[in-house]
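Chain lettering (A, B, C and D) follows the sequence in which the chains are written, and residue indices restart at 1 in each chain.
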Amino acid sequence: MPKDLQLFPDSAATGAAGVDANYLYILAVSVFFAVGISLAILYFALRYKRKSEADVPKPIHGSIALELTWTIIPFLLAMTMFVGGAVVFFRNYQAPANSMEMFVVGKQWMWKIQHPSGVREINELHVPLNRPVKLTMTTEDVIHSFYIPAFRIKKDVVPGQYSTMWFEANKVGKYHLFCAEYCGTQHSGMIGSVYVMEEADYEAWLSGSVRGETMQQAGERLFNRLGCATCHKADNSGRGPTLVDLFGKPVKLQNGMSVIADEGYLRESVLKPSAKIVSGYAIEMPTFQGQISEEGLLQVISYIKSLSKSAQTAAPAPAAAPAPDAAKKGGN
Amino acid sequence: MSSAVNTLPMPENVGESYLTKGKGVMSWLLTKDHKRIALLYLLSITFMSLLGGFFAALIRLELITPGGDLLSAESYNKTFTMHGVIMVFFILIPATPAVLGNFLMPIMIGARDLALPRINLLSWYIYVLGAAFTLFSMLSGGVDTGWTFYTPYSSTYANSAVITAALGAFISGFSSILTGLNFIVTVHKMRAPGMTWFRLPLFVWAHYATALVQILGTPVVAMTILLVALERLFGFSFFNPNTGGDPILFQHMFWFYSHPAVYIMILPAMGVISELVTCFSRKKVFGYSFIAMSSVSIAVIGFIIWGHHMYVSGQSVYAGMVFSILTFIVAIPSAVKVFNWTATLYKGSISYDAPMLYAFGFFGLFLIGGLTGLFCANVAVDLHIHDTYFIVAHFHYIMVGGAIMGYLGGLHFWWPKITGRTYPELAGRISAIFVFLGFNLTFFPQFLLGYLGMPRRYHAYPEEFQILNMMSSAGASVLAIGYTLPMIYFVWSLFAGPKASANPWGAKGLEWTIPSPPPLENFTEIPIVTEEAYAYAPEEAEEHEVKHHV
Amino acid sequence: MSEHHEHHIAPKSMYFTIFGALMALTFLTVAVAKVDLGRANVIVALAIAGVKASLVVLWFMHVKHNTPLIKLTVGVGFLWLVFLFVITFSDYLSRGMMGWPQNWGATGPVILNTTPPPGVEAHGEGAASHGPAPAAGHAETAAPAHGAPPAPAHTPDTKGH
Amino acid sequence: MSSQVLDHSAAHPANPNFQHQFEDLNQQYASTTFGMWVFLVQEILFFGALFCAYAIYRATYPEAYAAASHHLDVTLGTFNTVVLIGSSLTMALAVRCAQLGRNKGVLGYLFTTFMLGNVFLGVKVVEYSDKFKHHLVPGANFYMGGPYNEQAQIYFSMYFAMTGMHALHMIIGAGLLIFFMWKAYNNTYSTEYYGPIEIMGLYWHFVDIVWIFLFPMLYLIA
């Protein structure tokens, strides 16, 4: 038997309060208007019931004053609702600088989640309490939507692009994870759960769970195996621009414009190098489309991020780095 | 209780009506008379609504239990897709304009027929062709992309009859375009002398605004669906991410039409409600020009707010803000309408005939539907409720609570005029009450489900949502009863219903000055209109008798 | 309501002058396309096409001497086109703005997103010897001064004609 | 005389093409031409959606568009533009003859328009076969070479969609021209009844305007 009838979802993230506040405010205004108008209609319907067929009511054309009042007041109310929503929406886009990075790859009917420390999960996400977590998400096939009702957030993952979303869990527990954008036969099977754990439990789980090399190490291994290092040398002597200290910085392009080197830019430069050529370089880089999976891309990007001093996110130092110490910097 | 007193001298039903004026099937299939074409539409739309309703029943039955045990996942997806495609393209969009609009609009403005009768018949044949394609796609394995055909699933990954269903929707779009074209030309060029724009009944204003949306919106979705079909058939890459295409561009072009399409569905119903409220409170409408202008402003603003379907889709933050402000602005004209209708009831002489009960039902449901739209327009709340059952409940309150209630109310109100027979009054009231109660029982729990986070289009759902889903399915059976009642007593009234007089409700409007059912040419003489719309009260200043020479 | 309007028949010469103008504009637009004006090419091509289209609409389709209703209809048609273009582009142009995550990748034109997010100085300031010359001003054509010149000596000009 | 009732019988002209739902031929002419203009507004939006997709992808991949458009033959495109504007001229002259009631002139000009339309379609067939030969049709065996091979598929998808839809409208137009040539042959048109020819003219000029925008957008990318 399902547990008792729950009418309001529990909230387990800092962002949830903002959404609930907006919801309750609009609910209050709506109930006020709905009840007001329904009572007016009911009262008029009863009060002015047709007594006899012959009676003909006095015609009332209308009044400009009344029309203006019930145009301007709803307009102002609506604008306050807009502002309430916009504030929370903006906050949702600004992931705090010190947030933990996690990577999500949607695939027809499962969520593959990678932690920077190398832990991989399917349809499950373990997060520490009171720590901002930033998700960088993409999909290998169709559009899905990463949705955690208890945190009141969702974001579509679109093929060919990275979508980002962040939250800060503030209540321990196990919460639903849904796919909210229709994605095919098992759309309703693409669900899972998010475990919010105390800091200590999270560290214990992290070290306890089986994992190989960290994402940066896997990225570096891929970086060398695919031959990126031959052109992208650390001292910028190769045929391609150096990647040291690149992440997060604006890059001057061939056509005179500049663009911020974020995850999406790095991903596109790997898969479609000709799309944006760095100024001063030839179009020589081959496409790696099909030679590198979405997870591999995320690992290479993590490696490139690790080369940047300024964008050094507080990636949790792997508790026990079983792998040999980081390969020597900057490739051969 | 039904008011039978007529206030205008009534020509008795002399001569042949449009029903008796031509015999045999060909006289119907090749008719150019807007009244017969309206009846052809009535039959085909009723058939399609049986089909759409069947799929709705299947969905509700499936969702009684958390596990997906009535239908397999794939057939459930095909069921809700077919429910969506049939309801949107073949019932909600054509219903009021093609049936009531086609029949009444020419008569209301004092014309013999629509401006382009052959194009009107062509529009019905295109509708039938589109319906044939959609039904063929059903027979050849069904389509499981949802009525929105989102790429890249619809263009690359779906392995069902997507192209046939897409062509069905594509073709039905042109039927809607031709109806809109006919209405615009007729209102501009065919009004009787004296029928100025601000003497037009609000029913005509609402259909004029609808026609604007049909003309300006439908071609964009027609092209978008064509591009998806080309991409799927020949491997062209319009929205294919592998070659640099952007699935979000499909969503932009799709919703550019599909949001104004919801105004194609609701505006005609608003037109019907304006007529019902004035007739049954026997009073001039409150703020005539405000209601007329709010219809047109809904049609225009409706075109620049489609992005509220895409707040979480990867659209930029800036665009989300722009669409949110504009979406809140479009809510204002709808609010103005509801306020004006309520004010019309003030100091009226209100009778509770079946059409008026449908109008009260419309008020209740459209209020909830419209106000829940504010939640969806708010970007923060939409982060949570997008693609959940909150959205499903919202648009059902507007589309079924608004558009279908208005359509049924209009059908009851003009049934005597269309068929010359009177439907059983008590049965009409009972069906209105059933529909109102059944509707609230079905869709109100879904608001709660939505905020709890139950996503849309789910074949199986977590257990804690079961109680609310069961309530919703229970309500659906009451709603089903409410909808089948009219079908029974309308058909019954065709044979055994008492003959209807020309003006059974004592209503104002040119359609009530001609016999029911009306003669083929509508008017023996084109009338000269000299008074305002809904001039119920014998005001001394405007006391002009509508001249009639039989 | 039928309004009565007399039809004046345009002289044949009008049609030929308009035809001549259209021919001239056609060859003009082809000639201008050969000159590389950078992004202005699109604007010029659209302007010429706009002039040609309005010539056809006003004279060949008789909208010039037509009722205001017809003129309004033509105007509404193009106004709705502007709605579609402007609002769809407002999404695409603002995807990278103000340092928000660009969720880049498949699309996102480069036009407006040149401001780095707050607190991040431009690439290469620190490592003067690394990477192409810091984006000081528009030094896009000068060969970037850095360690080892890339293989091809001159800046590869991908903007071939 | 201010009779309240419009005297109905006098307004019925004897013209066989008069449709009875109208009051008189003027109302018929006004309604039908206005109806055509509303139809053309719908066509503007129909092609507008295509141009919007084209514009978004051109802003996103300007170099790919430039590289791909070099595979189009500008001289053939220019020739086609001249042919189509010429057919627009002859169409306008046909309408003028109809207004003057010269059915022979109408027939002649319609025939010239019809032939020019076929020349245009012939050139399109040549261009399309050239694209097929050079593997430039998007899909499995598309290969353009060069760094922009991927995004060029978008350009050519747009190319085929836009010029294909335009050619389809030309074919429909050609069919209509045949119908109107047959009507002109039967001396249908006169100074007070020439609406249908003007409507055909509006349709043909619209298709010409679409090409006026298509030509620079597809062929003349620097």
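To be clear about the criterion, a residue touches a chain if its C-beta (ideal position, glycine included) is under 8 Å from a C-beta of that chain, and two chains touch if they have at least 3 such contacts.
This one's a predicted model, so the numbers in the text were calculated from it and none came from an experiment.
Shared contact partners of chain A and chain C, listed by label, are B, D. Centrality by Cα centroid goes to chain B. Compared on C-beta pairs in contact, B-C and A-D come out with B-C as the pair having more. Computed from the mean C-alpha positions, the centre of chain B lies at a distance of 40 Å from the centre of chain C.
Work out the mean CA point of chain A and of chain D, and you get 47 Å between them. One finds 24 Å separating the Cα centroids of chain C and chain D.
If each chain is reduced to the centroid of its CA atoms, chain A and chain B end up 37 Å from each other. Residues of chain A in contact with two or more other chains: 93, 158-161, 163, 255, 272, 275, 283, 289.
In chain D, the residues that touch at least two other chains are 22-23, 27, 30, 34, 38, 41, 45, 48-49, 52, 56-57, 60-61, 63-64, 147, 150-151. Residue positions of chain B touching 2 or more other chains: 188-190, 193, 216, 220, 241-242, 244-246, 248-249, 253, 256, 314, 317. Residue ranges of chain D in contact with chain C, taken from their complex: 22-24, 26-27, 30, 33-34, 37-38, 40-41, 44-45, 48-49, 51-52, 55-60, 63, 66-67, 70, 74, 78, 81-82, 85-86, 88-89, 91-93, 96, 99-100, 147, 198, 201-202, 205, 208-209, 212-213, 215-217, 219-222.
Chain D makes touch with chain A in their complex at residues 61-64, 147-148, 150-151. If you check the complex, the residues on chain B that touch chain A are 3, 5, 66, 68, 73-74, 77, 144-146, 148, 150, 152-153, 156-158, 241-242, 244-248, 281-284, 286-288, 290, 311-314, 317, 320-321, 324-325, 328-329, 331-332, 335-336, 338-340, 342-343, 345-352, 360, 363-364, 367-368, 371-372, 374-375, 377-384, 386-388, 448, 451-453, 455-468, 506, 535-539.
Put simply, chain C touches chain B in their complex at residues 1-2, 69, 76, 80, 83-84, 87-88, 90-92, 94-95, 97-98, 100, 103, 106-107. Listing the residues of chain B that touch chain C in their complex gives 188-193, 195, 216, 220, 241, 244-246, 248-249, 252-253, 256, 303-304, 307, 314-319, 322.
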